[in-house]
Structures are given as structure tokens and as C-alpha cells.
Amino acid sequence: MVAYLFLLVAWPVSLVAINTFADGPGVLLGVLADPDIIVALRLTVVVALVAVLVNTVFGVGVSLLLVRYEFPGKRVLSALIDLPLSVSPVVVGLALVLVYGGRSGWFGPALEGAGVQVIFATPGIILATAFVALPLVIREVVPVLEEIGTEQEQAARSLGAGAVQTFRRITLPAIKWGVVYGVVLSLARSLGEFGAVKVVSGNISGSTRTATLVVEEQYLNFNQPGAYAVAFLLAMVSVACIVVVAAIRPRGNR
Amino acid sequence: MTAVAVAAPRRSTLTRSAGLGLGVAMLWFSLLVLIPLLAIIVTASQGGWPAFWAAITNEQTAAAIRLTVMHAFLVTAVNVVMGTVIAWVLVRDRFWGRSVLEVLIDIPFALPTIVAGLVLLALYGSDGPFGISVANRSSAVFLAFLFVTLPFVVRAVQPVLEEIEVEVEEAAVSLGASRFTVLRRIILPSLAPAIIAGATLSFARAMGEYGSLVLLSGNLPFQTEVTSVRMLGSIENDNLPGAAAIAAVLLVIALAVIVTLDVVQRKVSGRGRG
Amino acid sequence: MSIEVKGINKRFGDFVALDNVDVSIPTGRLTALLGPSGGGKSTLLRIIAGLETTDSGSIAIGGVEATRLPAQKRNVGFVFQHYAAFKHMSVAKNVAFGLEIRKRPKDEIRARVDEMLDLVHLRQFAHRLPSQLSGGQRQRMALARALAIEPNVLLLDEPFGALDAKVRKELRDWLRRLHDEVHVTTVFVTHDQEEALEVADEIVVINEGRVEQIGSPDELYDTPANDFVMSFLGPTTRLDGQLVRPHDVEVTTAHSPGSIPGTVRRALRVGFEVRVTVLTDGGESVVATMTRATARGLDLGEGSRVWLRSDCLAPDVPEPLAG
């Protein structure tokens, strides 16, 4: 089993670091000096942060609705929420193009008429990223909300706290680690999205090309060291995310 | 699971502000997810059944779907066995380096898929230390699927395995069951829903996988081209109806997956904790 | 069948769970292993069942050496505190499990399962899942499952510990009646002295890994081997430095030879009895219990002068308040 994991995960992933630094730190520094790559990295970070923010607010809100309230269609909603996890990223990209595409999308031409370009621009990349990472916060927060029950909230209400105070002082601290966990997972997923972004971004160097697209482009242009260097940066962040998650997750919570 | 049942009578119907929240959430969810996915179905069906059928039975497309389904099944089968074994070791054995393994399991989930493809290429590509190359072969598809689906069965089985009380196994032993019988009649049936859930997710993920294959498989039509790559090719050739037809097939599979998960989960919560 | 436990030692790391324990449990009796939590009684039960190994010593069940016999081969019925129900199997399947392992013919299994479910009054629940039963019903199912295999001995580890007070009392009476019907050698672990006194034929008091005393409920209650057994089996108070039962303290309003003077500090009525706290002139706080009628006759109130005497010279007089 250890050999299986070593050959499938540990060794290949460690090779990214090895290949990146095979010729010293020069390649990595060179990559970081390329203005187009800097733009791509910055775009990736901005897109990920916005998508995570949106998904966190949406995720916590929907979790509360799903756990604390009854409404028609709840079961369907709770099942559909997981859909992005089992849909191909290319399908996601295509779906967004069909609706928001500037030329023939359902809403795209109208939006472009109003001066908003979605597809082949940053908003489209954000939508695609938000789509693929949508369920991650909800999947972490819902079980925690179910676990804590409503007694503490009712106690707070009986002591005179309003709905907002109750949420801020009782509910939020209780679900804090669930939210943090979901946010970290969403961040990792958002930084690394590739397929959906490739479809909606237009992949314009120095403009709408994200970090993952740079990896592909560098590799296909036979600049393997450059590809490894950017991949190394992305891998560092995602491994850091998992380590953070493993460290903050209280024992026995799995 | 029990918590839901206990909390149920205390759940309230929507208050006005909660209703507003639900409205906003549904609007966003519709704009982001539901309407775009609906657009796929609508676009795929615009030309009627014959056009749809022609699109997905196009020789190259059908070959891509066949290849993807076959490898998705193979990989899921491997995951069912290996994932259960890994979960077992992580739950039942206490050993040095266990937390490192925990992190390793999650890496394929967090690692960008394009990076996943690159790292696999580094070890199993033509320049790799083994001198074997899966690049541009169908085994590349298998390998990439295996990598990206690794966590699903493990993470589905692990919590359920942790919940099985040692006492239940001891009860079986005191009734005369051998270790093998305990495994076959007590543990595996308890794990079955979790294994099915993990396998389903793993199958779905493999069916839609794209990023890790871009660099690894060479995307050779009829040989290593998977469904998502074929779909992207159609998009790039401005054949959106053709792409939508393939996407509709994948979407139906994804819907089947979430229905399966929902049914399995409901079955398990019916069993309760007792 | 009888159980012979000789010279059992068991350590968990530095913790001594059992320290040279010898117990002999006769055939057909209902025996309680009684003691405080962590005293080693559950460990002893698990060692008898083969779920735990011994460091040294030996166990024989029905005269057959069983020390190295794996749990599967001991043919013991074991009932756990938290039921250990097989959640994915129906009640009937749970009960049939041991018989299926033994590869009994299908007809025989069906008949035996019906018989067992009748015995525990769960016939109508045969096709339910354990999660659809109450705690008391689950424990009865577990008992039926353990009895179905016709075990040499039946072992129960705090069987009523997870149940609420009312159900616990019902099941306790029911276990006693069941044992009178089935007559299988039964050992149950409990930390509840009332449970042990009420149900068991014989009680083994275990504390800190050692057997403190073995005897019938009456023997243990009336002639405890030491202060630990005395205080564990019922309420105690100290009079003139001696450990006595509160209902054995005789309270009078007149001096008699050998009695100790004191002042009533508190007289508290609890249901049918009155609990009087007396501060002796020697500075000792003594608790005495008596019936309401006695208390009324003595006209006791806060500040009353009384004389106390221990009654325990006559331990064999049946006490209405025992337990």
C-alpha cells in the first residue's frame, strides 16, 4: 500500500521540485521575471480570492438554509449543490459559454451591449472557478451545523440576542473550523482550475491566461523548465493548503 | 445522521429574511449553475434526436466515450480495492508517518490537474527514471484517472470505518465468527454504502477528467482521446452543438451519480447509529 | 458450566488491571462482578470470554482448560453495554448469526430464532433493523443473540448501563426471571450495588484489580470482609470510630450504658424514612436513619439531645430498609 501511494503520488510530486531546481534556482527566478507570467499569477490569485469569497458567503448561507429551515425543493437543492463535483470542467466551461458568450450566448450579447464582457474576460474566469469550487464550503459546514444542533442558538435567543447577534456570537464561532476548512479546500481548487478556465478565458497571454494555462503553454512550447517552475509554485500552494487543513482539523473529526 | 433526525422537529419554516436569503442564493445558483447546464441540454437537443444521435455516434466521439467509460470503470474497480485497503490501514494501524500518508491521500484532490499531468509525465514519461513511457498510450489515461480519483473511496470509507465499534466485531467473534467471517459479514456490509458512494464519485470524476490528460495522453483520436478532450476539440472548432451533445451525455452521468449518492445516503441514515 | 479462574494477572502498560485473581463460579448460578469503575471487573469478564488475553494464570470453563482458546471457540454468550447490534441486519438475522456461523440447518435456525425472539418478547420486531428498536429492546435482542448459540456461559458487561432508570429496573427483574427459566451459568458486571444485591445469587466484589470478597448478597451486606466492601454495598456512617450502617444506629432520648451523647443538627425526611444528623459531644458527625414513626415517637428536632448506640451486635436481624 505504501509502495502504491509512493509510486502514484509521493514520487511524481516530488519530481516537480527536483526538476524545477535541477539547474539551480535560476529557472524559477527567470520565470518570476517574465512579465506575462507575473500577470498570469496575479490574475490567478485575484480570481481565486474573489471566487472563494463568493463561495464562502453563498456556502455558509446555503448551509444555514439547508440545515435550519424547511422549504419545498430542499432535497433537490441539496443534491444539485453537489453537481459541480461530478461534472467535467470542460462541460462547465461550455455551459458558461452557451449562456454568457458574447456572440451567441443566451445573455452574452445583451450583457456586452451593456458593456460587460464575461467570456474571454476576468468575470468569466471567476464564474468558471466559482462553479467548480461551489460545493466545497457547504460540504464542510453542513455536517458541523447538524452536529451543534440548535440548543445554543435558542439559549442565546432566550438571553435576548437578535438573529444577527446570535449568528455572529454563537453560530459562527461554532462552525468556524468547518468554514476555514472549506475555504482552504476552495482556495486550492480555485487556484488550480484548468479545464473550465481554458474554455472561458480565451487564453490570451498577458491578459486572460492563468497560471495553470501558463504551465500548459510553456510545456507545449518545449520550455519544460518553465512549465516545471510554474507547476512547482502551484504545487507548493496546494500542498500547503492540505498541510494546513491536516493541522487544523481536530483529531477524530474525520 | 442521527443529529438530523433529532433536529428535525425544531426546524422552522422560512422567516422573511431567510426567505430573502433563499431567493438570493437560488438566483445566484441558477445564474451560475442551473441555467448554464440547462443551456447545454437545450443546445444539444436543438437539432432534434437525429442530430444528437449523429453527434455522439460520430466514430471519433464514440471511440472517445468508449475509452473513457472503460478506463473509468477499471480505475473505479482498482479504487474500490485499494481505497478500502488504504482506509483500513489509516484507521486501524497506528504507525509512524501515518499523518504523512493522510496528506498524500489529499494531494490529488488539491493539486491542479495540469500539474498532476506534468508530475506523472515526469516519472512515467519518456524521460522518466524507469525508461518506460505511458505518454501517448491508453495506459496514460488509466494512470491519470488513477491519480486524480485516489482520495474518493478512501475518504468515503474512512469515517464509516472509524464509526464501527470494536464491540460489534467482538460480538461476532464471541458468536464464533472467524476473522474472515467478521470481515465478510460484518465489516464489508457496513462499509458497502460508503464504498459505493466513493466509487460513484470516483467514476464521475474519471468520466469528466481533462486537465491531467492534456500533456500526458497525447490526445490521439481513437487511441488516447478522452471525452473531455474530444469536447474541447469541438469547442475550439466552433462546433458548439457537437460539444453540447457530448456534454449532455456527461451531464446525464453526473446526474445519475448524485441521485445514486442521495439514495445511498438516505439508506445509511435509515440504518442509524444503534 | 462452572468457571474456574486461577491466578490471573493483567497489566495495561503500568496499570495493573488484575492482580492475582482467583474466582470460582459454580454451575447454573447468576453471579455479579461488582466494583467501582476501572477496578478490573470488565477486564476479568473479557478475559473469561477470550476477548482479552491474560499475562499469567488460567481459566477453565466447564472443567475444560480455555486459557489459550480463541474467543470464537469458547462458546460463550457475550452481551455488551452498548448492545453491539449488527446494524445492517434485521433483528432475526442478528439472532441467527451465531447459528449460521455454526452451519446449522436452515429449518433449525428458523425455529431457534423464533424461540429466542419469543423468549425476549421481540417476535413482532423480527424484521426490523436495530435502529428501529428502543435501547431496552436492542439489549433484549443482544441477549437473544447470545443465548441462541446455547452458550456454555452467558457473560454480560454492564448490560443495563446505557438504559434509563425505569427500563433498567424492568430488565433487571426480567433477567432474574429469565435466568430462573434458562439456568445457564451467568456472570454480569455492574458498578451498581443495588443491581447486584437484587439480582445475583452470588457477588464477587472487585476493587483495584483484587477480589475483596465473594459471597451471597446477605453475607456481603451483613458480614462485609472489610470497610471497602461495607461502604460499597450500602450507606455507612462512623460512630465512635467504627464504620456502621445508618439504620443500625440506635437513637434514644435517654442515656443507656455504652451510648454516646450528642445534639441533633438536622432531621430530614426522605420518603418513608427520616435521616438524622447528630454531632456527638466528641465532635463526630453521625448519620442515623429511622422510620417516620420512630422519629415522631422520639420527637426529634434540631437541637434535641440524644444518645447514640450501635445496633450491629445483632447483624442477622432482617432489616426492612436493606439496600
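Letters A, B and C mark the chains as written, and numbering starts fresh at 1 in each.
By definition in this document, a contact is a pair of C-beta atoms (placed from the backbone, for glycine too) under 8 Å apart; a residue touches a chain by one contact, two chains touch by 3 or more.
These are the chains along with the protein names UniProt gives them: B = Sulfate transport system permease protein CysT; C = ABC-type quaternary amine transporter.
Not measured: the values here are computed from a predicted model.
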Subject >> Of B-C and A-B, whichever chain pair has more C-beta contact pairs >> reply: A-B
Subject >> Closest chain to the centre of mass proxy, which here is the mean CA position >> reply: B
Original post:
Counting in whole Å, what is the centre-to-centre distance of subunit A and subunit C, each centre being its mean C-alpha position?
Top reply: 58
Original post:
Whole-Å distance, subunit B centre to subunit C centre, using C-alpha means?
Top reply: 52
Subject >> Whole-Å gap between the CA centroids of subunit A and subunit B >> reply: 17
Original post:
Mind pulling the subunit A residues that touch 2 or more other chains?
Top reply: none
Original post:
Which residues of subunit B touch subunit A in their complex?
Top reply: 3-4, 6-7, 10-14, 17-18, 21-22, 24-26, 28-29, 32-37, 39-40, 43, 82, 85-86, 89, 99, 101-115, 118-120, 122-124, 146-147, 150, 158-159, 162, 201, 204-205, 207-211, 214-215, 227-228, 231-232, 235, 240, 243-244, 247, 250-251, 253-255, 257-259, 261-262
Subject >> Sites on subunit B touched by subunit C in the complex >> reply: 165, 167-168, 170-178, 181, 185-186, 189-190, 192, 270-274
Subject >> Touching residues on subunit C, where the partner in the complex is subunit B >> reply: 49-51, 70-78, 80, 82-89, 97-98, 101-102, 129-131, 133, 138, 142, 145-146, 149
**OP:** Provide the residue numbers of subunit A that touch subunit B in the complex, in ascending order.
**Re:** 1-2, 4-5, 7-13, 15-16, 19, 58, 61-62, 64-65, 67-71, 75, 77, 79-100, 104-106, 127, 130-131, 134, 146-147, 149-150, 163, 185, 188-189, 191-195, 198-199, 211-213, 215-216, 219-220, 227-228, 231, 234-235, 238-239, 241-243, 245-246, 252, 254
